[in-house]
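One chain, subunit A, appears in both complexes that follow, with subunit B as partner in the first and subunit C in the second.
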Partner chain A sequence: MAGFDDVIIAGIGHTEYSKDSGRSEMQLACEAALAAIDDAGLAPAAVDGMVTFTLDPNDELTLMRNLGIPELRYWSRTPHGGPGSNTMVQHAAAAVTAGVADAVLLYRAFNERSGRRFGQPNQRQSMPGLNWYLPFGVDTPAKSYALAFQRYMYEFGVTNEDFGRYSVVARKHAATNPNAWFYERPITLADHQASRWIVEPILRLLDMCQESDGGAALVVTRADRAADLRHPAVRVIAAADGHLVDGSVMYNYYHRDLAEFSEARFVARQLWDASGIGPAAVDVAMIYENMSPIVFLQLEAYGFCGRGEAKDFIAGGNIELDGVLPVNPHGGLLGEGYIHGVNNVIEGVRQVRGSAANQVANVEHALVAAGRSGLVLGRL
Partner chain B sequence: MAGFDDVIIAGIGHTEYSKDSGRSEMQLACEAALAAIDDAGLAPAAVDGMVTFTLDPNDELTLMRNLGIPELRYWSRTPHGGPGSNTMVQHAAAAVTAGVADAVLLYRAFNERSGRRFGQPNQRQSMPGLNWYLPFGVDTPAKSYALAFQRYMYEFGVTNEDFGRYSVVARKHAATNPNAWFYERPITLADHQASRWIVEPILRLLDMCQESDGGAALVVTRADRAADLRHPAVRVIAAADGHLVDGSVMYNYYHRDLAEFSEARFVARQLWDASGIGPAAVDVAMIYENMSPIVFLQLEAYGFCGRGEAKDFIAGGNIELDGVLPVNPHGGLLGEGYIHGVNNVIEGVRQVRGSAANQVANVEHALVAAGRSGLVLGRL
Partner chain C sequence: MPPVIPPVPDADDRFFWDGVAHHKLLLQACADCGRLRHPPGPMCRHCNSLRWSTQEAAGRGHVYTWLVSQHPTQQDAAPRIVALVELEEGVRIVSNLVDVDAAHVVNDMTVEVTFVDYEGTVLPQFRPVGGS
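Let's look at the complex of A and B:
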C-alpha cells in the first residue's frame, strides 16, 4: 500500500525560473519556501518538518533560522536525483500519517544554470555508480541516457523526429504559461530538426530539458487542516517509489530489456493498486522529462498506450490540452523550467485546484510521474 | 505524537569494530546488513526499504545488487551526523506505519579511522554551517564542542576530572564486552588525568570517542511479523527528532543558555509524551558520547538529575551496571566503537532482548539518546 487517506498538499511556491537568478541558492530556497507556507495560509512557526534532496545545497538549520521556524520534529532527504520530487511527498505523507510531523516543508533550490550545470561533463561524487562510465567517455546525462534510448528506437522504429513531436507539444504548452522560461516562444518540428545534435542520432538540443536557476517548495499537512486553507486542498491519493535491482543511478543499463522503463512500470503498479484507479481515470499527467524520449517510455510503462506505441499516441494529438491525456500543460522541464521535477508537482497541484495557466477541465486525478517515483493527486 | 504501536526492530548486525578494517566501506555495509537481515530471520528479498545517513558513502542501488534485494519501495537519508542513528529508526517507523514499506534495512558503514577521520581538521562541505568557524581556528569537532562545554564547566563548577569519571565507567563496561575495541582494557581516573589534552582545560584524549572502522545495521518491520522472528521482537515505543532554531550543525553556540542541551530537552519531552513514561521508568540508557561531557548534558536534559548535578550523579555510581540508571553498558562510543551511534541502538535492542554482554536485569524500557534524536525501546 502506498495510499494516504489524510494527507494533503496545502501550499505551493516558487521563484521565477531563469538562467541567472542573480542571488544565492539559499535565497531562492527561502523565497520559494515562504511563498509555499503563505500559500497554505500558515505561518513559518507551523512548519515542523522538512524534506529536500541529498543533492540540495541548502542546509535545514540555516533555512530554519532564515524563515523563523522555531522547531522541527522531522527531517529527511531523498537520495539520487529528480525522482526525489515525488519521493519528498512520499516521505512527508508517511511522516504526517505516522504523526511525527504536522506540516512538512518540501524544498529544492539551485543555480543549476548560472552555477553548477548538471548537463556538463562531471564526475559525480554523490552518485558513485556513474563514475564507472567515465572511462568510456560517458560523462554527461545525455550520453548515459542515450544508450538505452537508442535501443528503444531500434526496437520500435522510433526516430528523433518522433521525439521532436513531444518537444513541440511541450513548447506549445509553455508558450501560454507565463511562468515558463519559454513563454510565448513555441517551436515547430522543423525548428527541432534543425537544432544541433547532442548525441547523434538520438538527442538534439531541443530534446533536452532546460538548465534552470530557481527554487520550488510545497507544504504537506493533514487533511483536517483543509478548512483553514487559502486554496482547495489537494489530496495525496498515492505516492510511490520503485527501485529495482540492477538499476543504475540514472535509468536502465542492466535490465534484461533496455527498451522499457521497468522502474516506472513498478511505480505505476503501486500507484494503481493504492489509488484504485488506472490509466483511463487520469485526467492530466505531469511526466518528468530530462530528455524527450523518457516521456515515451513512461507513457508505455503507465499503460497509456502499448509498448512502442508512444510515437503514434503523441503524433495522434493525445497529449495536447484537448487530447485524451494532456501531458505537461505547463510545458514540463523542457518548456517551463528544470527545478528537478518539483515544478511538475506544483503543476499537478494547480491542475487539481483548477488554477493552472493551461487548465485542463474537471481534473479529478492528476498523475505526476518521475521515473522511479510517482504521485496520484486528487480532490479532497 | 512520536509513538508507534506496530513497529519493531527485528534484526541487528555489525562487523567487528576496528581501527583498520582492511576492506571497503561497501563490504562493511554488506556484512552488517546481511547479519541484520539474517538475525531477523528474513531473506534479503524481504527487504523493501533502506535508510542511511546523508554522510554514508554506500549507494543504495549498489547495496541492493550486492545483497540480492530485488525491489525497494522506500528510501531515505538522515541529514547531519550521529543523531541520524535514531532518526533512521524514526524514518523507518513512519514508513512502516504508513505502509510504504514492510521491512526497512538501516545501515551505516565507514572506514572512519583508516580512511577519512572525522576528528581531523576538515572543511565540511556536507555541513555548511561549520565552515564559518574555520577562520577562528575551530576546525575539529573537539574544538567546536569545547566552546559550549567550557560554559557548562564554568556555570556548574565542573572539572575535567569530573568528565573523567564518565570515561572510567565507559571503559569499565567495555572491558567486559567482547565486541568492544577496548575489551579487557579498563582505565583508572589517573590514566584519564594523565592522557594528553585535546582542548585544554576541557577535553583530554580519554574524553574522546574512538575513531572506528566498521558497519552496523538494523531491520525495522511490522509487529505482526514478530511470530516469525529468531529473537524476541523489540518494540519502537517512541522515536523523536528535535531541531531548534539557532541550533548549529553540531551542538549549541547560539542558544540563550550555552550550558544546557536544548535540543535534547526537546527530544526528551517528545519521548516522554509519546511513551507515557518518564526518566524513572528507564531501565538502561545508551547515551551518544562523541565526547564525555555530552553525557552530562543529556543526563540533565532528560531529567535523570537536575542541572549541574550530573557530576555528582555520575560520581555517586548511579550510571554503573548496578546503579539507578546504567549508562552505556556496552562501553559506548568511547569504549565499544564509533559507528556514528548505530551501535548504541544495537545495544538498546540487546538490552531489551536480554542478550547483551553486560546485561541489565529486567529491562522494560531502554532509552537511546543522541542529542537531537532519541528512542524509547521496549518489549512487544
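Let's look at the complex of A and C:
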C-alpha cells in the first residue's frame, strides 16, 4: 500500500548548490542535515533513523558522530540513482509507521562537479552487465537514455526543438529562484538550438541537468509531532516505487514499447489509487529531469496529457507558473541544481508550506515524480 | 578502427563471446520451455529453469532505435552509430551499424549481422541488408 495516514516531512535543509563547494562531502552532509533538523525545530538527539542512497559517499556512523546523534535504531539505503530521492521518503514513512523509528534523517551530499562527475564516459567495465553496452560505445548516461528517447521522438514526431521548450521553462523558473545556480540567467529557444550536440540527433547541452556540488536533507516523522514544529507540517499522502520485469534504470531497452515510460505509469497508478486524487487535483509537479525528454515521458505517464501530446502541452504554456500544471517552479535539475532529485522533494515541501521562491497559489497537492518513484504531498 | 572497451565475460555470458569470436551470434534458450532471452542470465523467468542451451540467431533484424555516439571511448575516437536491433527471433540487442552513413539510417530499417575485429576484440555489428 502506497498511502500513509500519519507521516509528515517536518524539516528541510540544504547547502548552496555550486560547481566547487571547496569542502568535503561529509561536511556538506553535516551542514544539510543540521539545517533540516533545525528547520524541524528538533535537536540532533531527536533523530533515531537515517536513510540515504547506496551511491552516497557519506557513512551513517560518521555523520552520526559529527551531528552528535546519541542513538540510532533504523537505517536503510536506496539502490540506483535519482528515484532514491522519493524512495528515501517511502523508507522513512514505512519506518515511522511501523514504529521502528520516530524521526528519520534523509540525506544526499556530494561533490558531483568538482569530484566524481557522473556524466563522464565510463572507461572500464565496472560490472558484468555492461558487456552489452560499453563495447558498443554506450558509455555515458546521455547515450544510454537517448537510445530509448529516440523511439519516442520517432513515433510521435518529436524534435529536439520540442525538448528545448522544456529547457526554456526550467531556466525561466530558475531565473527567479535565488537558490538556483542559473538564477537571473534565462535562455531562449535559440540559445538551446545553438548549444552543442551531446547525443545527435536527440540531446543538446541545454537538455542536460547540471553537475552540482551540494547537500540536501529532510526529516520525516509522525504527524502527532506536528505541534512542536517550527514550520507547517507537510503530509506524505502517498509514496510509491515502481519496477517491472525486464526493466533497467540505465539501459531500459527491453519493454515492448519504449515510446512510453512503463515504470512511471506503474508509479502513477499506485499514487492515484493511494491518494484518491488524479492528475486534475495536482496543483504543482516536481518532475525529475536528468535530461529534458524524461519530463515529456512522465507528463504522459501520469496522464497530464495523452501519449505524444507532451510537446503540445508544454508549447501551450501549461507547465509555466500560471499554467494548468506548473512544473519545477524552482528550475528543476536543469535550472536549480542536481542533488540527485532531493532538491525536488525540498521544493515540493516548500510549495505545500507556501514558502517557495516561485510560489504557486493555494497548493493542496504537490506531486514529486522521479521516474521509478513518486510522492504525493499535501497539507496536514 | 575505433578502439573499443572489451567485454569481460563471466559464467553467465561466456558462451556469447565465445560464439562471437567464431563469428556466430548465439542466443540463450531455455532448455525446458525453449524461450529465448537476452541479455543472458542463469534462470528462465518463464519457467524458472536453470537449464539452458544456445541457439544461433539468423542474424537478421530491424533497427528499433539508434543514435550517433560521439567520442566513444576516447576524446579523439571517430563517431559510432549505436543501434538497438530487434532480431527476427524477437529479442533485442545493442550493437553498432556499419557500412552506412548516419544520414541514411532510419527506424525499422532491415539489417543483418556482420563480425568486426577491433584490434583483437570481435564484436557483432549490423549493416543494412542489400547495401543501401
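Criterion: the second predicted complex is superposed on the first by the 370 of 380 C-alpha atoms of A that agree within 3 Å, B and C clash if a C-alpha of one lies under 4 Å from a C-alpha of the other, contacts with A are read in each partner's own complex, and residues count from 1 in each chain.
Simple rule for what comes next: contacts are C-beta pairs under 8 Å (C-beta built on N, C-alpha and C of every residue); 3 or more make two chains touch, one makes a residue touch a chain.
What you see is a predicted model, and the numbers here were worked out from it, not measured in a lab.
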Which superposed partner A:247 touches (first subunit B, second subunit C, both, neither): first
Contacts of A:79 with subunit B and subunit C, given as first, second, both or neither: first
Subunit B versus subunit C, judged by how many residues of subunit A each one touches: B
Which of subunit B and subunit C A:278 touches, first, second, both or neither: neither
Partner chain in contact with A:135 - subunit B first, subunit C second, else both or neither: second
Which of subunit B and subunit C A:121 touches, first, second, both or neither: second
Touching partner for A:98 - first (subunit B), second (subunit C), both, neither: first
Subunit B versus subunit C as contact partner of A:69, first or second or both or neither: first
Touched partner set for A:54, first subunit B, second subunit C, both or neither: first
Residues of subunit A contacting subunit B in one complex and subunit C in the other: 128-129, 245
Residues on subunit C engaged by subunit A in the complex (per definition of touch): 2, 4-10, 12-13, 17, 39, 45, 64-73, 80, 82, 84, 92-96, 102, 107, 121, 123
Contact set on subunit A toward subunit C in their complex: 121, 123-125, 128-129, 131-139, 143, 146-148, 150-151, 154, 197-202, 245, 251, 253-254, 258
Subunit B - residues contacting subunit A, complex: 1-4, 54, 57, 59-62, 64-65, 68-79, 87, 90-91, 93-95, 97-100, 127-129, 239-249, 266, 270
